[in-house]
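I've put the structures underneath this note.
Two complexes are shown next, each including chain A; its partner changes from chain B in the first to chain C in the second.
Presenting the complex of A and B:
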């Protein structure tokens, strides 16, 4: 998404999503909700992965943290959905701050392995502390109460369609925030670290703090997506925290295009739509997805957005943004 | 109490040697090629399944299966390196990891298509399918066999790397790829063969581990690969000696954890992994670069 065309494309996408919410049947609403949740997860993840080049296998734990925090609050105390989301996001951000504090000391493979270790610690806790987390059953029976404005009026969320509009609003706000972030001095410094961290260090930038900030922000968005999923399904599952769940936003980003802001968005749509389509014909969806992944990595590392900008003769640098600089 | 400790130790040692069977190939490949191979668990799984198929279709005995099954996986390894991994050596880490991850997805489904998505009981091993009495409790002979095979593989690898001409070439290529290439080592071919050899080790591990685990399941590769990562990291990425000792540590830690604090055995493993990465990223037995 560059400049005006990006904004127009995004508004067109919002219009389509709005139309889905107004006219589509229950099944499509559900699928689209899942697409939006994955978009939020992947766009947040891309703050870290796309902007600083760090590959985290621990983000599933922040996703789960958001979901479980909302679930625990909802089951034991207050059912307010907005408060639940807030608590979910804040707990995920806090966990990301603690884990990130240790992880940003390393980069490359050591960073990936550290996030894997911490993420699996969280997974093992969720799995084993049955009395709090329900163990392998997860937590269920989460209530979707109406959003109440001081008792003056209420917005019901009971049906999937009503809930869909809440998700849509959260999504639009997230995109707006992340877009602002990408263009802010903060975002530019992150890109700078990605391109050449030594140079940024010479420019008196404290790299670790910036990496940590990116880690926490992306963790908070993972928590947001997680707590929304808990509300959608009225349940949580320990596998939300499993390392393989952290691979999902990476795959999505890769399909959509690593260097582009819209990459994770486009990727989420393709990923879930493709899965729906392939699963109608065959049970072996992972096989086909693996093959697609191979093709992308060997041949089209810019992803869909990369191919798109090559076709339209756009600025190819944006699509490949430094990722192929050795080729 | 003493008997109990002895048994926990035995369980830990055999579990450690079982992980070492997988971690050895993973570590060798990472040490030489510099690629952390997610698909190594899948090669392990393929080894186990192919060994099983050799048994049920050809009616041969277990050892024949252990010999032939992994050879088929070598061919798979050859294709993976020559036609795929070769193209990502120069790319950034995420691409390398994701490429091997793609093979995890592919092989998981291939196994489901060929052998079904349910579990299969593992073949029993003629001559080793009984238990002996150790201090009043039964202990499977096959576990003792694994405890012997593990160190033998370690010894074999050590002899090959330190004492043969091939080993010297491999060590040269792993310490300085360009220099080795300059003095006439065909590094590209070497990489292929090291990967094939690593794949063979992984597949052997799978074939030998099947009777130890008892079940063949399509997800077996994914669960073992994380254990292998933990072991490789704790010992020091790329260090075979480290992986061997790391496997022993993790095996014993898990066994004692399961015995005394069963709710936190998995947690212990990962906390050790994180602690090592923070305190000594080169691993407990690796050398700082």
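Presenting the complex of A and C:
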């Protein structure tokens, strides 16, 4: 389960996703797009949660910030999708910087409660400033214009299938970036903060700055996922910012395995696929989903990836490097 | 060799009614290997915690390399060259031994915030880590996860992490506690060698009198937050007050 196998497994996953994009019907393309968006949200979130051990309940607000920033730009000024994504990511990062500045001074339950409080404030702002955000209706009518390269040639995004390939490229780039991050000096420092934050200060590391950096990076990925959703749905919803939405990356990370680089990705697939299946049989999907979650969390410590790596003889929590190398 | 590294002026700390540091005045000179001794509750650990920044002082000043660091945060003190190790094992349990030492090395070299470079590409840092591991004798277990080490090896790693920040002045809090005799000799030998090389000045907080008297150039005796003795080992051995409160029968034989 060392590095090479991780890369191979990831390339295999990309090949499957590519096949879905080429051959699957509209419904499966839509569901797979949602899975990829949740993967981006959760893998970014895991930079904070899995690496530094900080549990945030406020990342839905960065998700919504990305979506609303893209929507406002798209509705009032420029429709360029790439520029929209960039603005979405930067706005989310800026919001994360401001909120994170106040939150990273605290840890554990105080940190979690502060992020929850900020998240509720953002939700209520979006809900109440109707003139800008559309209140409970959200913003709609977002245009998915083609990506234009200086007028030379254009890549259309009009259909969900065309848009799917943009999402796929963004996903591959995100994973590549996050993997580099995990294996960099910065990534090691974050692991050290999770392991022993007190000792970290005695290694001459200003841990608040690193916590804040991890917070902003995870917020930026939340914003990326959010702005992609705004493009996918051509609309935003205030519930993107709801605190219950902040729980989603936590859930999928716990399902997939918090100690594993690919855990959030695996968790996203299981979470959305299960939900889709259960919803067909019963309206009370939350009840059944809760039962399945209980089984996974109590029975599979370390998530699905943790069990997987135990079966294949690896130790899910060996070291910073080993830890990234699990698929 | 007589530059003053650290100076403490009228340092005080109380916990409720208990005074654990009472108007302490001390200075530590470069190259002078100092031991701080005293019975349990004498204020040794409190003193180290005050100097390293784990505890806030009630009054007084701490001056390191000519700068007032009384209220400086921990990471700043360490980056200035004031380090410490811990009495209890305080490492990064799920990281490898190599990574444990790599963290302070990266921080020292100013590379800790590089987020887009492969860790394996940091060759200079890697060499430095290997040198530290060699010094404390942990090269054979470099790729093991720290939590899997024996207690003695974890103690060595503890000191390795502290040394990796290249401190000018390093407080070692009971460095040989929990070590077997072989490890103990090794670590004391290292301290002596490093001390003679002169890059790091050591201050040792110790219970073991053999170590204190064989290793130190200077011994400071604390008792209930007061300094009751300060001088070369022979002078301390002969000091009547010290013998009464602390050494007791042990040196009288």
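In the analysis below, the second predicted complex is superposed on the first by the 314 of 327 C-alpha atoms of A that agree within 3 Å, B and C clash if a C-alpha of one lies under 4 Å from a C-alpha of the other, contacts with A are read in each partner's own complex, and residues count from 1 in each chain.
In the analysis below, contacts are C-beta pairs under 8 Å (C-beta built on N, C-alpha and C of every residue); 3 or more make two chains touch, one makes a residue touch a chain.
Since this is a predicted model, take the numbers as computed values, not measurements.
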Chain B versus chain C as contact partner of A:75, first or second or both or neither: neither
Which of chain B and chain C A:86 touches, first, second, both or neither: neither
Chain B versus chain C as contact partner of A:31, first or second or both or neither: neither
Chain A: partner with more touched residues, chain B or chain C: B
First, second, both or neither for A:188, with chain B first and chain C second: second
Partner chain in contact with A:199 - chain B first, chain C second, else both or neither: second
Which superposed partner A:207 touches (first chain B, second chain C, both, neither): second
Contacts of A:180 with chain B and chain C, given as first, second, both or neither: second
First (chain B), second (chain C), both or neither touched by A:143: neither
Contacts of A:307 with chain B and chain C, given as first, second, both or neither: neither
On chain A, the residue positions that both chain B and chain C contact, one per complex: 323
Touch list for chain A against partner chain C, complex: 180-181, 183-189, 191-192, 195-196, 198-207, 210, 213, 317-321, 323
Chain A residues touching chain B - in the complex, by the definition given at the top: 49, 53, 55, 102, 105-106, 108-110, 112-114, 116-118, 120-121, 123-125, 127-129, 243-244, 247, 250-251, 254, 283-287, 289-291, 293-294, 297-298, 301, 323-324, 326-327
Contacting residues of chain B [partner chain A, same complex]: 36, 84, 87-88, 90-95, 97-99, 101-106, 108-110, 112-113, 222, 226, 229-230, 233, 237, 263-264, 266-267, 270-271, 273-274, 277-278, 281
Chain C residues within the chain A interface of the complex: 52, 73-76, 78-79, 83-84, 86, 90-96, 99, 102-104, 106-108, 111-120, 122, 125, 145, 161-162, 164-165
